[in-house]
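Next come two complexes, and both contain chain A; in the first it sits with chain B, in the second with chain C.
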Partner chain A sequence: MFKRTDDKITSAQAAIFLTNTVLGAGILTLPRGVTDVVRTPDAWLSLLLGGVIVMLVLLIMVKLSQQFPGHTVYQYSRRIVGTVPGAFLSLLLIVYFIIIAGFEIRVLAEVAMFFLLEGTPIWAIVIPFVWTGAYLLFGGINTIARVYQIIFPISLFVLILCYAFSIKLFELDHLRPVLSEGLVPVLKGLKSTVLVFTGCEVAMTLTAYLQHPKQAVKAMFMGIGIPLVLYLLTIVMVIGGLSLDSVTTSTWPTIDLVRSFEIPGFFFERLEFPLLVIWMMQMFCNFCSFFFNASLGISQVFKLRFHPVVFALIPAIFISVMVPKRINDVFALGDAIGRMGIGLFFLVPVLLSVVLIIRKKGLKQSV
Partner chain B sequence: MYSYRKAAHLLLCILIMSQTGCWSSKEIEDLSMYTGLALDKAELSPVEQAMEEKGETYQKRNIVTATVQIVPERPSGSSEKGQSQSQQTPRYLNISETGDSVFETFRQYNIRRDRPIIGHHLKVIVVSAQLVKEWKMRQLMDFILRDNDIRPSCMVFLSEEKASDTLVTKYKNEIPSFHILDMLRNQFRSSKIMKGVSLSELDALMHSRRSFILQNIVKARGEVAFSGAGIIKGETSNWIGKLSQEDVLSIAWITGEVKGGALKAYDKRNQSISYEVKSLKSKIKAEISQGEVVSFHVDIKSEGRLIENWDSEENPSELKYMKEAEEQFEGKLKDMLKSSLEKMQSKYKVEVSGFGDWLSIEKPHIWKKVKDNWDETFSHIPVTFDAKFTITDFGSSTE
Partner chain C sequence: MQAGITFVIPIGVYHMYKSLYFYVGSGKPSENNSASSQTAAPPDKENAAEPEPQQLRPDAVITGNLAYDLKLIKAAIGQNSDVNFREFVVRGFQARAVLMYVNGMQDEEQINKQVMQPLMMMDKQEGRGELLPDRLSCEYVKENLLPLAQISEAKDMKDLQESVLFGYTALLIDGMPHALYVGLPNGANRAITEPTSEALLRGPRLGFTEVLSENTSMLRRQGLNKNLEMKTYEVGNLMKKKLVIAYINNIVNQDLLQDVTERICKIDMDYIAESGYVEQLIEDNYLSPFQQTQNTERPDRVISALLEGRIAILLDGTPFALIVPVTFSMLLQSPEDYYERWLPGSLLRLMRFGASFMALMAPALYISFISFHPGLIPTELAISIILTRAGVPFPSVIEVMILEISIEILREAGIRLPKPIGPAMGIVGGLIIGDAAVQAGIVSPFLVIVVAVTAISSFSIPMYSAGITLRILRFAGMIFAAVLGMFGTILFFLLICIHLTKLKSFGVPYVTPFSPIRLGDWKDLYLRAPLSLMRRRPEMLKTQIKKRRGK
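Our next item is the complex of A and B:
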């Protein structure tokens, strides 16, 4: 059995791990996704509300995981509901992670092909990322977390820089009126705002690797709080800078915001290129998290060695990247992933928690 | 074992060598950068006409003539001619193609020029008003908004004459598209210059289906000037008419976007007196009864300087005369605003002066009911103005 007792991460590393898992392609598409449904400038309220809901979800996941210190969801699900049902739930989770891993790389490739490398075939963009990701995975969770620690400050800096320069386009009037049509549009928007936090299921494996499992809740809230703030900033800056009408007609609103101004005399006159290049690293991080979790799941469920599993998953990921034919399929897949995430939330942490409570409190069993 | 490692190293080296460079790189010297684009009603250029007579044509309707301004015409280093001759050739090249798809005409340049055109540096688009009268702005801009090279920061203008003429200058060292773009910066000196409308803003304006204005460019004897604005009707996305320089100024006063500039009036002896705007606050109010807007009221407060006085009988530093002058300016402004509004409400029946924006923000419930028919609704709503000027100083001359 594959076991890494020495491979632990600190709470700060765990927070950044979760941040880099959640914060990715959403930055590029979120503003349109939300405003399409909300249709008032209140999209940011939806996001705030969505963030609070996701935090509650996260709390359930972490509390559940804390019952089994040192064990990931793939291991403890078996102990709660039995070997076969547990393996089945784990498999659902694994398939879900493979699909998101493919989705992240696909969005990365779509953006790169449209704005940066027109003419480069998609496989030439995807394969180096998948290979590099596989190489990173071999180092284990600690190595991954350390890479994230290097990448995150850089991508954060570039993102903030872009938003700082876009202030000259910002008009508060674009965000007004607040709640003109009441709370109904805000609640409708919840559907798409919860989606941008997909991937927080990773918390159920991360907790197992914490050096101080007691700090898990704090670390995970930190890890989800950073993306929440950045997503909020994104929505406010993009809608404030472009206005609602422009956001709804734009395929990649955040990139269009950055493309809507030039900074004469600055080192980069156009910030979309640094943003895109850096954001590709961020999406690579997303991909690695999901790739790691899928590989870990398979190795733990089927009791296989980790490295061959990583190799075996490379083609699966590649297929998952290439399945959508059109860009519409990519966006539809993004929505589908969100729905799967909600379904999985009820199937995995909620179901497991309920069964655990019944068995512990009701039947007085020791699990 | 040893030879296996050697082979592996060799393979690695070969792999690394294949990893250098950019897959789809294009040398910038091999591309034609265009900085300006003019869209006109179809009018074949002499070259095109001659080509067409020789049968160089394809299946198309002649609807739009797209003119791109390529800079520099050739890389500066490759000029073999002397200094004196290179000064005579302009630093740009305008090239036109006619067709019924903007994208197709763009690709059509490739059968005439050696270096393909690339839109990364497009700064200015000038659209002929006559073209927008017949074809919808939405149709004409569709490709430009979709393209991945053209940035949404590009500015859009209208011209009542031939738009491609505005991309020509008599000055040898000037590039017309840059010239037009840089003129936008003068907004702080004259509010007859509108805040430039970029492609991303145009996209929003067209999507909102409300009427809007775009700065109009006139061209005479090799020079260009911003003059007034063209109105694009929201429902049809067509050009319907022109606003004068004063109208543009009036709109800036109503929306409070005046950053500086002059306001000239005549005093009681019919002599010119000028007011330099230092600050401006404009407030729109609406009287509402039973969920409908009965009337609008605009309250304008401004502080400024009496900067020019042709009336030698008067002393501008005297408080009494200052008060008098204030009244003259207030009257002048109100007259200007009234006549501009009259033009919008009666002649064109459009609302492009910010009342809709205000209503949508302050009274979203009422706005929801009227927004589909806003132009028509607004033309029946009376608007009153109130102006309060304060002359804070009289410059560096006391008499």
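Our next item is the complex of A and C:
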């Protein structure tokens, strides 16, 4: 009882794990990303729609994973489509995770350099961050999930606090008219709203670690539901507070929103500082999730020990952080990641599910 | 190139950590050689016998021939000047007898009245008609002659010699092949006083002393419970000491108990001076700055911990008992939280959480705000701070370091000073130096406020050893802040979170009510819920009886 094996997580932990994986860069980038495309205040509609789509995607992933209890996608993909194609698919997923991990840190470093540490070289920000992540990873999934459990309530509290105070600026008129130009812009916005949910692929590995795999669907829906609600709140508050035009022109609209009001008598006066703090912690969680999944993938595909893989990935991630030259490259990379995510979705869960169904139903094979 | 550095350094750090861990751990018996020293007791006996193997056979028995026995004993321990042999004649039987004791450890009056008197004054006529046996037997002496409650027999010669040296008064009678302990060791003891390191305004004034039997009796006297079990172990190879594990049999988790017992049995040291030795030898992670056992002088604290399902370890010769397993929140709790009504108790506890955060982070935050982000604090405050810092020639890190280090020195010096000088040093150190440093322009007045608040905050932590941990970590936080500002401070906070999450005390996660979340235990975390609501024992300890109340 006291010497439990530490590689199982409870459903609540899994939900928070997924939440912390998805909720991250989007808090700051999402409002501009969506409104840039939609160009009407209906951005929140596309987010809602995007969320529903992602939930369906998630359902497929979880159902697929539940066919192989205790196995991650890296392990069961080879059982479905064979060793080499399975390893290839897993590798795609791993590369994808490494690129996202690098992207997350890059965004973090850009924000940190812009708001907190002007003139600090980027490596000085990135390297300690990666190291701290590696230290967390050594503890295994149970430790990671528990650290998330500490960080998430703090983040949630501060985030809600920020939005609660920005109600002062909120004007419903900024969100009107609804569907002024029909559904077309909303559908166009889908592209970038689905992007903020990149990372939900970790559900395919998380399910394997659940203590009660039967509750996986519930846990994962919770895990995606919380960020969906928070993102929705972000978009509504930011657009409602700042108006559409200023959102599209600012780089980090959420911070601008929080900066634009002062709370007299409060020590910090502005909530921008706490927001940045929790956002950084949230980014840390984000990064660690992808880092963990990439390391796990490599160690399972090539049957290596976990710790050396983490060490080997540290420079890989560092290089992927340094690849984009300017901040516009970073945003371009973000879009690219979104497209990759969609591609991967068709390649991995859909393909695997189809093959599995054909083999099970059609050819009556036992997999 | 940078990627290469990024790659090499953590591997280096990791290997350094590993090797350091093994190096530090090499002094402890690891899992591998546990089989060789399963129980501490048997090898002890042999080790202790080593200094005098020539004088006596290790399995020597007491023959009953007084002259021979006495010669043997004198050869073994007679050279000690403080060992006394009082020879006399048992009157009724005309048998020679000898009393052996160490100066200053016998109870003079009791020996005279209850041992010497009956033996020397007794007449055959006084037998009141009873027939006396021709020879003295051990049973007869015990049952008819000596009016003592505490009387026991020596097992063999070696046991006899050791016990006499330890302070027992032993009686040998010619013709009787047994030795009797007629007096318990009775050395000089300290009186029971109020626990100095954990004084309370409200609550029992009772503190443990250095005598193990008194300490265990204090625990027993806390209340009637036949399930309070105490098991005695002997620790130390060269100088043996008694160690008691106390727990409540029908509450404690048996796996936990077994774990603790195993670790106690594995202790391999020639002398255990204080319970701090035990703590360092049984803790889970010996490179962590956080303590993994709680030490206390208060019997009431021990008993309430036992009732929560924890285990107490008491060692002879120290007033500090250890409580395991410990969790982070316990370090910020005081028994007074429970003795006061719940509202003040909760508020005080909340305040302590705030204070410990201040004690840990305040200087780091000061550095990162002043050196890196003056824009994040309100403008007027920033201006006034910067104005006061105008004459200070150092960067804020150096400034904070100067003051923090001198405060730490002041504290360390203050502990060891005799009581009458203490306040004087406080005035010199705190008031005069602080004021002069500001006047001289070495530090800014605002910093003095920060450092003073930090110091006071760290005083408010009820556990002294937990306070030390925070003091160490505070300096680490200052370095992080000095290098990377707010970002460094966040990293520092994350590192502490990660470390605490990884840490375990006897298999119980260190930060358990926070994560893994056990909402049931939150009633006793930030807040101290009303007693009527605390119906269950802490979930984290997985006790046998979950409920605290009858119904």
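FYI, the second predicted complex is superposed on the first by the 361 of 367 C-alpha atoms of A that agree within 3 Å, B and C clash if a C-alpha of one lies under 4 Å from a C-alpha of the other, contacts with A are read in each partner's own complex, and residues count from 1 in each chain.
Quick note on the criterion: a residue touches a chain if its C-beta (ideal position, glycine included) is under 8 Å from a C-beta of that chain, and two chains touch if they have at least 3 such contacts.
Quick caveat: nothing in here was measured; it's all calculated off a predicted structure.
Novice: Tell me the contact category for A:D335 with respect to chain B and chain C: first, second, both or neither.
Specialist: neither
Novice: Per the overlay, which chain contacts more chain A residues, chain B or chain C?
Specialist: C
Novice: Figure out whether A:L117 sits in contact with chain B (first) or chain C (second), or with both, or with neither.
Specialist: Once the two structures are laid over each other on A, A:L117 reaches both partners.
Novice: Per the contact definition in the header, classify A:D36: touching chain B only (first), chain C only (second), both, or neither.
Specialist: Neither partner.
Novice: Of the partners chain B and chain C, which touch A:Q149 in the superposed model: first, second, both, neither?
Specialist: second
Novice: Output check: A:G139 vs chain B and chain C. Expected answer is one of first, second, both, neither. What do you get?
Specialist: second
Novice: Determine, under the contact definition given at the top, whether A:E171 touches first (chain B), second (chain C), both, or neither.
Specialist: neither
Novice: Tell me the contact category for A:S260 with respect to chain B and chain C: first, second, both or neither.
Specialist: In the superposed model, A:S260 contacts chain B only, not chain C.
Novice: Where on chain A do the contacts with chain B and the contacts with chain C coincide?
Specialist: The overlap between the chain B and chain C interfaces on chain A comprises residues 117, 120, 124, 270.
Novice: Along chain A, where are the residues that touch chain B in the complex?
Specialist: For this pair, the touching residues of chain A are 114-115, 117-120, 124, 173, 176-177, 180-181, 242-246, 248-250, 256-257, 259-262, 270.
Novice: Note which residues of chain A are touching chain C in the complex, please.
Specialist: So the residues of chain A in touch with chain C come to 1-3, 10, 12-13, 112, 116-117, 120, 123-125, 127-132, 134-136, 139, 143, 146-147, 149-151, 267-270, 272-273, 276-277, 280-281, 284, 307, 311-312, 314-315, 318-319, 322.
Novice: Given the complex with chain A, which residues does chain B contribute to the contact?
Specialist: Chain B residues touching chain A: 22-24, 145, 148, 151-153, 198-201, 203-205, 207-208, 357, 360-362, 364-365, 368.
Novice: Please name which positions on chain C make contact with chain A in the complex.
Specialist: The contact residues of chain C facing chain A are 2-7, 9-11, 14, 253, 255-256, 259, 372-373, 376-378, 484-488, 490-491, 493-495, 497-498, 501-502, 506-509, 511, 514-517, 542.
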